[in-house]
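Chain naming follows the written order as A, B, C, D, E and F, and within any one chain the residues start at number 1.
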Amino acid sequence: MGLIAENLAARRGEDLLFVDISFSLDEGGALILTGANGSGKSTLLRVVAGLLRPDSGSVSYTPQGGGEARPAGEAAHYLGHRNAMKPELTVEENLSFWKDFLGDAGGGAGLCVGEAAETVGLGGIAHLPFGYLSAGQQRRFAFAKLLVAWRPVWILDEPTAALDAAADRMFASLVSGHLARGGIVLAATHQPLGLEGAKELRMKGFAGTPQDRAA
Amino acid sequence: MMSLFLRDLKLSVRAGGGALIGVLFFMTVVAVVPFGVGPDLNLLSRIGPAIVWIGALLAALLGLDRLFQAERDDGSLDLILMQETPLALTVFVKCLAHWAGTGLPLVIASPLLSLFMNMNEVAIGAVMLTLLVGSPAITFIGAVGAAVAVALPRGGLLVSILVLPFTIPVLIFGVSATYAAVEDPAPFLPPFMILAALTLLFAALGPLAAAGALRQSSD
Amino acid sequence: MSHTFYILASYLVAGAISLGLCLWVWLDGRARQREIAELEAAGHRRRSAAKTAGGEVA
Amino acid sequence: MSTTSLVLNKVTGLANPTRFLALCRSILPWMSGITALLFAVGLYMSFSSTSDYQQGYTVRIMYVHVPAAWLAMMCYSVMAVSAIGTLVWRHPLADVSHKAAAPLGAAFTLISLITGSLWGKPMWGTWWVWDARLTSVFILFIMYLGLIALNRAMDEPAKAARVSAVLILVGFVNIPIIKFSVEWWNTLHQPASVVRMDGPTIDPSFLWPLLVMATAFTMLFFTLHIAAMRNEIWRRRVTSQRRMAARMAGREE
Amino acid sequence: MGLIAENLAARRGEDLLFVDISFSLDEGGALILTGANGSGKSTLLRVVAGLLRPDSGSVSYTPQGGGEARPAGEAAHYLGHRNAMKPELTVEENLSFWKDFLGDAGGGAGLCVGEAAETVGLGGIAHLPFGYLSAGQQRRFAFAKLLVAWRPVWILDEPTAALDAAADRMFASLVSGHLARGGIVLAATHQPLGLEGAKELRMKGFAGTPQDRAA
Amino acid sequence: MMSLFLRDLKLSVRAGGGALIGVLFFMTVVAVVPFGVGPDLNLLSRIGPAIVWIGALLAALLGLDRLFQAERDDGSLDLILMQETPLALTVFVKCLAHWAGTGLPLVIASPLLSLFMNMNEVAIGAVMLTLLVGSPAITFIGAVGAAVAVALPRGGLLVSILVLPFTIPVLIFGVSATYAAVEDPAPFLPPFMILAALTLLFAALGPLAAAGALRQSSD
């Protein structure tokens, strides 16, 4: 049930960044990754999202009502450092493209574009080209992307960098809402996210070269 | 998938148009040749089909390197890779959109340029037809190069270089079909059918290979 | 032009290219060795220098 | 050729990079010495050989043109074998081998192109024709350069090795085309007279200098190839140590 | 004396983002900009740096010992979201290029490249290509760029986003050092920077949407 | 300024080499032509100069769009704009470095390619000379386009469309000077002088215009 990662190890270039990381998250569970710069948080998230092949181990997601396990990436939203929006298109065009393209895993549980923009507190400016917005506004609309198509798992990489306090709160309430609906959240961060009851995983960074491990 | 097609088309039309620059470049290339060759009309109409085809080939390659790089730069590629829909299908749709945005305008512009090259009506029709059938193959081949180059910090030109050798068969059959249409003894259909077959072949192989390369590249 | 010209030209070109190649490989090797020496001087030793187990090319 | 099997050989300990470096140190001086010697003999023989009744003294161009052309093809074949090593056995030494060979191949191809042109001018009256043999050699040259550019543009060696291995294997079709183009299409270029099924048809007084020069070029190739592989291994060590240094510096705080 | 901004107003697109902003900073003075996302912090910094033409008002810098006022941008370092370093070149090459190119306004008061690297705590790795470094290390060397060529005014846009705690402390000490030498610092931030005695300017912006303003 | 020149040169030589790739692209383009036109030596030597010039133009244009965009992407452009030194001078130096890194190798490679096009010695010399004199103009014109492109958040390509027409005169005079050198009746000097004048003109105007565009662009 839920998201299960077993014995994950990954490398960048030649060095192993981490080994033997396992965790499991049930519906409504959240896991926060912390650690110094370069300790491998982003790498772990990309492994979970299926964007990077792990050196060993596996990640899978099993839906609540039963059904078979499948790659976690397919049931997940991934929000990286970049927002995956085209600056030339308006916010509306961007969002409705992703709504269509990502499809609705939960069968219509995603919000419509207007509602999502309201939810992130920027209802009035969804008609502007994405490129015209400030860094924080862009980030908010990137959150809106998570809302337009329902996916049980959210994978977030430093979601609140460059956000102001109000946006931080907004983000925290979005995440709690998602958890309350039975979602799962996995986030890497340097700042406290204001989530209660979330597990925390401290990354140490640098698990050594392959030789060290063999030895 | 339809939404992907529409978005890509919109992007190529809106952002100042891959379409326009391609056509413009095409015109430049074709317009310069008469200056070189001089006003010898017979010679011009003789080399016309080849020049038009070469011009179209180069113009089609121009914007191709950004096909996936733009997606990577803003992070969309990650989301596309995570999708359940077969990646090859996504690539196929992107190729179609790219072709509709930049290849089709070239085909439409070609009769005009053929006129400059003093080609007769049959030859003009033949060039347009062969371009229509052959140019998608260039896009599909180019997609593989673009997918390989997505990992490169700045792969731009490299794509064209990797891709050009593979487009040579397309060029050869396209040009020879056109010549066959003009000169009576040679039959038009065989090279034309081969051209069509090449396009179909690359339409199947290209997206598959590109999808493979994209999977490799993600990091 | 006489045949001697073509003969000499081809030997010269071939010689120049081969010598250039040798020189390049040699200089490249020297530069790499210097870099390794620099790194060693800076105190970054190969972690597996003692063991030299297989596997890694770099 | 013990060196090609060395590239291939994963089972014996020879394929271990560290041992490979040790081996380099001991055999490189010998190989360079032999190469120099062979060149001295070969050059002497080729300048003292008699002239051809048809081609006059220009036949002497043959002693560089033909070995260089052979080497250009052989180098590509070595790369193709290494490419298989990369894709099938995923052996890092194979990656190094085909990366190091590409510039050598390009140089030999360039020599054969230029000396061929220099021979063509007096013989055919033109520097260049677009016939099958010449065109396919030119394409070989472009392929070498493309592989070099690709390798330089990608900064992750393992990934670059896989991509270029695929390209090398795809491009291998060009090699038989080069070899047999003179027989399949009718061209200005001379058909094979040394390497053919029914034995050489060339006069022994030309054959001997040619063979010695060919051996010299082959030795030159292997010497340079081994040295270049060694350089490449060093380069990768430097890179990975630098990355490591960056990472350690991050950890010290 | 020092940095003087008078009645600044700037717009993005059609909307005025702020009007009538004035401040003056003497030697050793620091001003921190805070405010919600989209309130115009980055815009104000770019106006001061001379990268954006103000709608009205002016900014000028008058050196300590007298001398005539000149555009503030020419006496300033600007550190935006991006680091202005080439990943292909080594850190040393990058830094010494900027040292040469920016020149030394204070007549040789800039540190040499090695010293600057020491100062940001990464003395040992200045010979590495910039692209090899982790995000946090890159940001540190971007600070080193401020040290190699002396400029009295520092303009910093969210300097500490995505930095870990150790780097935060190092940054605070750099800034105090600069102030102690008679420098001027202007910074926009969402997080406390740990500077004592700095003035603060809260940007109101127009709360994001054009409608709010019209209302 | 010297440090800027050296840095840019280093960048173009070091990382995957704009130089090597440009030359390679040039070679591929020229090599493709005989496949289209057919291996007719007389015909090739007639259209040779035009083809070599077009190939060089194309190769020179392809990397140009990144001239300022790369600087903007990593934030260097802001610092360059804030400098006291006249911006036009900075642009000029950047153009020179770009030309030395990518244009000059093209000029050096051109004789080899001219040989492949079966051109005679005079024509080869003429092509090389005209390219040497004319190719900087392409860089200076392209710089304006690159500067405008950096301004628009949307639509980089739009600009190249504006730029391309300006390169046509350079191309035309370059090609016709080459032909004039080969064919006796036509005098070589007049078109060649015009070519040189064009280069000087654009060397003066280009950086100024580009500097203006860059100032506009900053946001």
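Basically, a residue touches a chain if its C-beta (ideal position, glycine included) is under 8 Å from a C-beta of that chain, and two chains touch if they have at least 3 such contacts.
All values reported here derive from a predicted model rather than from experimental measurement.
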Pair of chains joined by more contacts [C-beta pairs], C-D or D-F: C-D
For chain A placed onto chain E, the superposition rotation in degrees, Cα atoms, nearest 5: 170
Chain whose Cα centroid lies at the greatest distance from that of chain B: E
Furthest chain, CA centroid comparison against chain D: E
Same or different residue numbers at the chain B/chain F copy interface, by half rule: same
Chain E-chain F separation of Cα centroids, rounded to whole Å: 37
Centroid distance [mean C-alpha coordinates] between chain E and chain D, Å: 55
Chain centre separation (chain C, chain F; CA means) in Å: 33
Per-residue multi-chain contacts in chain F, two or more chains: 15-16, 21, 24, 28, 154-155
Multi-partner residues of chain E (at least 2 other chains): 81, 87-88, 124, 127, 134, 136-137, 166
Residues of chain D engaged with two or more neighbouring chains: 139, 142, 146, 149, 153-156, 240, 242-245, 247, 250, 253
Residues on chain B engaged by chain D in the complex (per definition of touch): 148, 151-155, 158, 161-162, 165, 213, 216-217, 219
Of chain A, residues touching chain E in the complex: 36-38, 121-125, 132-137, 139-140, 158, 161-167, 190-191
Residue ranges of chain B in contact with chain A within the complex: 2-4, 7, 10-11, 14-15, 73-76, 78-84, 218-219
Interface residues, chain D side, partner chain C - complex: 16-18, 56-58, 60-61, 64-65, 68, 92-93, 95-96, 103-104, 107, 110-111, 114-115, 118-119, 121-122, 157, 220, 224, 227-228, 230-231, 233-242, 244-245, 248
Contact set on chain A toward chain B in their complex: 46, 49-52, 73-74, 76, 78, 80-89, 93, 96-98, 100-102
